[in-house]
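Here it is, the structure in full.
Naming follows writing order (A, B, C, D, E and F), and every chain is counted from residue 1.
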């Protein structure tokens, strides 16, 4: 259970057993008003939090109640859990929309287990070490944008493949920056400032692509334009603002950093409109792919609840994953 | 032969026969200073115009002459054509760089055979018929940008696949607008203003992607960023300028037109970072593909000089093309 | 509800509420004779019309009744609708096969909303404008084949991707002919008669590939041979009949029109045994693809019943579709 | 050297050494009339037979001679071989077109090394063992078509991948029939008559797809329609002729055999408009692929002239081939 | 029903009707201990044999019973079948794990219908005819390995695509050897001993890759390494053992047979780390593919229980299969 | 020029100018004995070292000289360089095979610029830090194999894509180990010993796959089996030797490390018979790919000799590479 900001302890969906009283806030999704064979109205719905979802049924419902429900949104539910045809469902007695500002959103959205303040501080330090004047100015313009940085620290890193949690974008960027810092000394031909700036900015558009107030989803704009193009637009807007403020960013520098962003998915089929064509673009692409896959693989291994040596089939990886660790003596 | 601006008639490369005096301006490419087995210096080079290229050899050359040559660039050449091992080459007596502003560039770059003024006028008319206020404002901002429109009327439509000539971008856009105008009445569900604006703007970034002063090539910026992303940046810059001037372009309208641009190659493997997701994006994609292929196919058929019923193998189409037309009576 | 030819009004499946008397003709599919745990026989079945299907249950059934049922086919059903585990089902009291000739098939198969007579008249006009004598003779031989033209006006344009309705083949061909007529003047190098004949005949084999008496399905012959090869066989049969009647169709004309048919899917992976190798074949391919996608996209947008800006995921298009239209003022 | 029908011995291209008198019949290809730097006309050409080709040069040529040459065709050449820049070429003194009927075509086109009469006899025997009345009738209609069978015994099996020689179609079909006969007893569920008829007819359209009078090439019709569709048209023509003569071939039998033909390339990307959907179609596809690859692989191994254990890179197989055989004792 | 070794007749899952007493051994899978809404514990499980599976429910269960169950494993079940919501399920009264050695495993795993002794004898004969001394020694080392040959005669040929039954590996290898023996005389350039040894050994690693005591599954080692690499390791182990015993296998012979094994899937995408590069490797690849597909296609046709001319969609073949046989007279 | 072991200074191919005396050792390739048009014998050949190759011609040659030449091999050449048709060639007066042991092979094969002793020492240190007893034993068995380690320090890392130089395998493995050591602390879930051992052993089979005495090429065995399968065989041989010596390597440990080797190309199409299925296998795959691409990209950039901002087209990367570095001030 989770201690909420209001001092209340949220009962998670995956902790509800049959025959219990339910009195808590959940996200309601896809409520539908139906009539029984006797003509009585009832509402079918899903009730969810970050641990799962259950069917809900409110018998003796009315159109007034139905219309009052957010679709989707937070609701306070009073009722009781029961087994119906061997599936658990919640029979709802009362249901009422609740002000989202009063809700501890972490109960409803998975959140990184890492310390966001600490991670952001390290991001600032690593990016702060960039020495090239214009690259440094460009990155500082982002770091100085308080509203954007707040989103940067909250946004998920993805919808479901990897880092799909509140703070996931920060966690992913932070981890990539640490990898970059660790391996850059091993490849002295590479321009480190370009790699660090590229890593910092490569997914910045995800702050606009994804929405994450009650659940992870794409914004309309995100779905039409995508985070790659949005990131490119963002650095051009920041460069324009810098120019207006007297700091000119050279066009070829902007193209070089823009190219890293456009090519960081590495292949056309993954939505990159350009293939990597600089050594730095290749490095950012590989660090991104490595860090994403490490998260995806270790998360899938951690999430496996069976006692099998293997996880379930991972469609994105086209394999099951072997999770048995080496015996200490072999 | 072509009457130049200077009243001089250019002798085209494909008109030179063996044993002729040469005294004209060509583009020199890849000049190399070499020494013969006797130790004498000579310069090997290619001499080109829009009709082809020949080997050039300047015997008794010096490093001073070599260094004075543009690489590549326009040069005035005096010399003589001769057959060497059955290939025509030009033996150069004198060679000197020439001011590009004194050159009639049309002799060196293929040019659309259509009337550019007439085409641009029709583009203005068709785009001028857009009635949606913000879309109209956005398009008019482009039409009012004199420098850009000059480039729009000169730029090629591509490097080599289709419309690869001066004025090709205009020719392609003009043709697509006429197709759109012809078929839009047949698909009443489609929003015509979006399609017309999308067609007008879809390749605008090619004005920055390609250079075409002496030959067709990619700019550094074009190769790093690509015309698709450049077109997107351009409409955002124009929208920002309109906003600064008091005309707000709604964000979702900008996303909708931006989506048409980002998806107009239709598939990831052709460099579109987004797949078409609106009816209008599909229509622009299909009109673009149709018009490009019609130009590519009819150009290849026209270019075939043999008497065969078939063109040479067209690698991009994975076929040879059958060019025999129907006999009038069957 | 739909007024049938017999003056009766059909109650559509998607209009049935719980607790209603049912007394109408439906298509029965997949009836199965089962026994309950008490050993009583009952029949499980689906009852369908063009708006959907419901489970049907006939308790106290007998093997005689079961054997009398068409599998599938039209049946007259008397019974009652009820909610069972929140799903509507029909409890059948009596069920009896019915003569298909007495059924208004339009209630059971979706039908184009366009006027078939009008469309066929326009097809005749556009095809009638073909001036090349042999192409005109070939097309007229098809137009004069009354039985075939009846099928041509009834057949669906496809199983599920686009124009999947009675009259869909006609609607698709008609729309393509109008597009061809609209854009042919813009591409003067193209031989218009070949394009018009190619469009008219390209899918003619669908009249044999698909069956559409009670539901859309493939014929055995259609599944083994396919409409592309069937269309080719049909033009050869017609040419042979013309030859026997004294009108010779030149072999290379037949190959040229045959090639358009064989290549009109544009790529091997879509079942074309030949890639387009004439300008006319490319044009037919593009018009076909454009018209099919326009129908597919606008149908998916129209069919979306939620209030979302986006349709459900469209697997064939690998995207969801954005359906929000421009606000009048932007 | 090859003893010709005329009692003359042809000197093959690959037997000509430098400094020899040349006085023989070759195929001339791509003759071009050019002028030297002194303005004298000469003809450049290729002179070929089945063993290779050499450059030919006729100095002091005239437009009359040039126009008299077949392009391509058989010519009698008198001249002399010489080394020019280390390449052998033929200096032509006189050249004259020659009546193809007087030429032993085997000198100019590779020919199967197997006995065609013997192979065709075995084909007749194996096909003659088909017992199903209609399948037997259909196959006998082909065997009884003398003109077609003459082509069937002469046509190549392909342009260059496998069995690319006169008689190659017969050799390939004969070998496949023998494989089918050998393995059919091992797969008792398969209908042997269908497999044997399918093998016999699967490539019959190659008799129309390929021309092979002086060199192997595609006919216009072959390139537009392809041998798969041509084979289908041929069995329908034969079935129609049988029907006219009183022997009806059942439509579903015709579809079943037609399906084998349409699917025998096994995959869409290899030009099959249908994928195999019967056990017999799968068997014909596999026997075809096996026999073609065996010929392709063993031919490439035989053709290797170096002493290497490996052949040159085989692009169609994406590998070099290892040709070292097992030592007798390991 | 199947007469077991213990004289008892097993009642197969697909023979159980509603309302019957159940008293037999089945495989229990995925037992779960749950509580009803009243708090009573029950066990949900699947009960299976080779003919299918049913839901099982044991009400009034205890944690002791739950813990005593194998997961999965053989259990003796007493209870009764009943219809629940039209699905048959087994209500379990008593359930107890049973010693697998007392179970007739054939009731639980599909088994080849062919005579294994007879097949193995023929394998010995065909492989025994290999005359090359070292290849013969290598194959005999496998035939002499009694434990391995026992596995070879029991292992399935695959998980689900083809020969997925006890004895399937033997059946597949036996059938391939017979095909090889039948066609080798038709391809005299091929080294028959290499093909026969290659066929015999190509899938030997499946004895280690697959487990098949109660159900077919992959071993951990099989999933990590795969049968292709395992087969290669096995021939190297046998060669090392022969060498230790005084019989040296030449390295290039081992590479040649190893190459056949590594390349027998024919394409990288099917898990072959090498493409076929010898004529013999191509032949083994084609025979393997032919025999696997013949089994897959005929099994799918045999398994179809409907009266349709077509099987259900076969995803691995991307088609439905046509199963109607020729009418005797056409 | 390079000071050889014999105190002689090798004149490199790319240092030879026209008109110079040649008296040095080169690799002769593809010598061919030909006759001139006058009937005189001459030998055409290529003469090469690590910097390139030139045509060689020995006039007045004899069959005796021709037969004495290695094909290919080291030869001492005396002669003279000359320009022939603007290409440099070497006219050979005398040519004689030379004992390879007397040749400084570094003149003929590119060699890593890094210090091999230092790199191998660091490899020993990093691998020496593996703590898991069996993994450590397995790796030490490799490090203790002097002959193998000598090969490991000399072998190239590839044929042409990356690290294609003497010492390239060591350089690549060393660099990967350093990357692994740098990033392993950032991914605490990963088992570091497995990654380090996997990196050390992943390409060990290249010591057998490639030959590199005079030029880089594949061994027969390497081409038939490949380095992936060879590496697997090597660890099994070492494990067997350890077992014989009393140190048992657990089968699942061997499978886990074997799996890393089999899957380290990451995708089937790159010759991996297994896809990565453990977190450690993913990490080795990504480090391998990153390090290989960094070498490939920076080598291509370094090798570019033009003054262009772009390298030539890189076919393996499907792009040209942008090599302009950031201006210090932007």
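Operating definition for what follows: a contact is a pair of C-beta atoms (placed from the backbone, for glycine too) under 8 Å apart; a residue touches a chain by one contact, two chains touch by 3 or more.
The structure displayed is predicted, hence computed values, not measured ones.
Considering the contact criterion stated above, the chains in touch with chain B and with chain F alike are A, D. For B-D, the equivalent interface within B-C, E-F or B-F is the one where over half of the contact pairs agree by residue number, namely B-F.
Homomeric contact chain D/chain F is classed as different-residue, with under half of its interface positions used by both copies.
Here C-D and A-F were compared by C-beta pairs in contact; the pair with more is A-F. Chain E has its Cα centroid 44 Å from the Cα centroid of chain D. Rounded to whole angstrom, the centroid-to-centroid distance between chain A and chain D, based on C-alpha atoms, equals 61 Å. Residue positions of chain E touching 2 or more other chains: 85, 220, 223-224, 252, 256, 259, 277, 320, 322, 324.
Contact between chains, using the touch rule, shows up for A-B, A-C, A-E, A-F, B-C, B-D, B-F, C-D, C-E, D-E, D-F, E-F. Partner chain A is touched in their complex by these residues of chain B: 220-221, 223-226, 228-229, 232-233, 236, 240, 251-252, 255-256, 258-259, 262, 268-274, 277. Within the complex, the chain E residues that touch chain D are 132-135, 175, 178-179, 182-183, 186-187, 189-191, 193-194, 248-250, 252-253, 256, 259, 275-279, 282-283, 286-287, 289-290, 293-294, 297-298, 301-302, 317-330. By the touch rule above, chain A contacts chain C in their complex via residues 34-39, 44, 85, 220, 223-224.
Every residue of chain E that touches chain C in the complex is listed here, in rising order: 17-19, 82-83, 85-86, 309-310, 320, 322, 324.
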